[in-house]
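Labels run A, B, C and D following the written order; every chain starts at residue 1.
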């Protein structure tokens, strides 16, 4: 499909396993193109939650999405079991750019790959705030 | 929430484990009421697929939903890990009525419970067709 | 499909027009059964917002869903234009029970019909609170 | 949010009006980033359907998504009424690249903008097939 080169499992530093749902399949019998973004969003936030980098209910700052993209290499479909791969390719003052990959269980070549840019903002004012050193250290462990 | 009595894990005969997604949480910080139905739909169809009772791409007959319902007892939220419980409470000539329960991992009392009615129809004409004996036997193994 | 009798346009007291989306169609080429609930939820909340009965961001009390149900009479599909019909069939101290209908534009017989029960709760404690008189008056205008 | 420059209404050649749904708002009280893609997908396919360029049920060829992307400039939220703007920025042998914009009703600066690449494929083999002259003429009318 996409002419870009699909990444490989070993290109990613962190994984999240996801299952698929009946309503993920659209009329063409495959995962609708928007489902990939739902899984990328979920995997990135699980990473943040598991490392105590986000308290989306009561925290003063939250990560908002400012840019995303995805290339589709192969069709996926419910009831496939999937893995989302993550690595960070850029860490700015307030922003984190993830590279994301979506894999069918047992396959090493990504069925889709994308990027996902978060900016840390003050929850009330929505103004960017600097990422602290503890978070930076956690992010650096999954940098490319 | 609902005044009905929540069912228990032991009331169900078959289970499917499901994860949740970031966009499942609505503005109230809990799983939107429609997500429960997505999971019930997915669990029922996985049961059918795992028992070779459905070929949704190439089969001549498919199961269509004619009635659903859900009572909500407790809030669930991403990133909860969940289990969907199933049992069949009525098996008609062409219809199957499932009782469904949604459990937070590790809990024995359902956070939500519903019913889900499938009718087997000819894929082209959408007319009901009788459920065959092999399918009936598989369904009977999870009857209440 | 469902053996219940589909309601008619004239059975409803309030309408909301909705469009459909590509990903609403599942692999059977029709609106997945969960989409109907998304539209019922949206129509009920738009009614509340339009009548100043809900401030879901800053209000002290919000309406949570405790029970829903739907019967499916006819298939709908993207790109159909739809109308959701509402009427209230029960108004309790803290609860509102809506009857809901989903119509294809230009048709008078519902393609699906359901019920939808809201309970007004304190946003922080999630305990039921009584519906005030101004709200009751607004609800009574669309009672069956 | 995104540092890119948001496009303007007058940059687009075709529009589709869309409403929003309760479950489009995520826990941050705004349209989840995946909803924008649902609307782009819906607007592009409505354009194809309205111009008889697609028969997604019975046609021998269909348009599959191979690449998408979106930049987010301003928050949108249910119950906003929206407009999706489209224009084509590249027309290949089998591929169509759309530029997409998402506008809050009444505003001239896009709240989000993206790109969306379709490839025409044979429905059975999934191999690219050339876009015919009638389709090319229709596409050229909304080219940048």
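The criterion applied here is as follows: a residue touches a chain if its C-beta (ideal position, glycine included) is under 8 Å from a C-beta of that chain, and two chains touch if they have at least 3 such contacts.
Please read these numbers as outputs of a predicted model, since none were measured by experiment.
When each chain is reduced to the average of its Cα atoms, B sits farthest from chain D.
With B-C and C-D as the two chain pairs, more C-beta contacts join B-C.
Mean C-alpha positions place chain B and chain C at a centre distance of 22 Å.
Inter-chain centre distance (chain A to chain C, centres taken as mean C-alpha positions): 34 Å.
If you average the Cα atoms of chain C and of chain D, the two centres end up 29 Å apart. For chain B, residues touching at least two other chains, in rising order: 22-23, 27, 29, 32, 34, 38, 41, 57. On the side of chain B, the complex with chain D involves touching residues 22-23, 25-27, 29, 32, 34. Of all residues in chain A, those touching chain D in their complex are 1-2, 4, 27-28, 32-34, 37-38, 41, 56-57, 62, 64-72, 75, 117, 119, 126. Note for the complex: chain B touches chain A at residues 17-23, 29, 38-39, 41-42, 45-46, 49, 57, 78-79.
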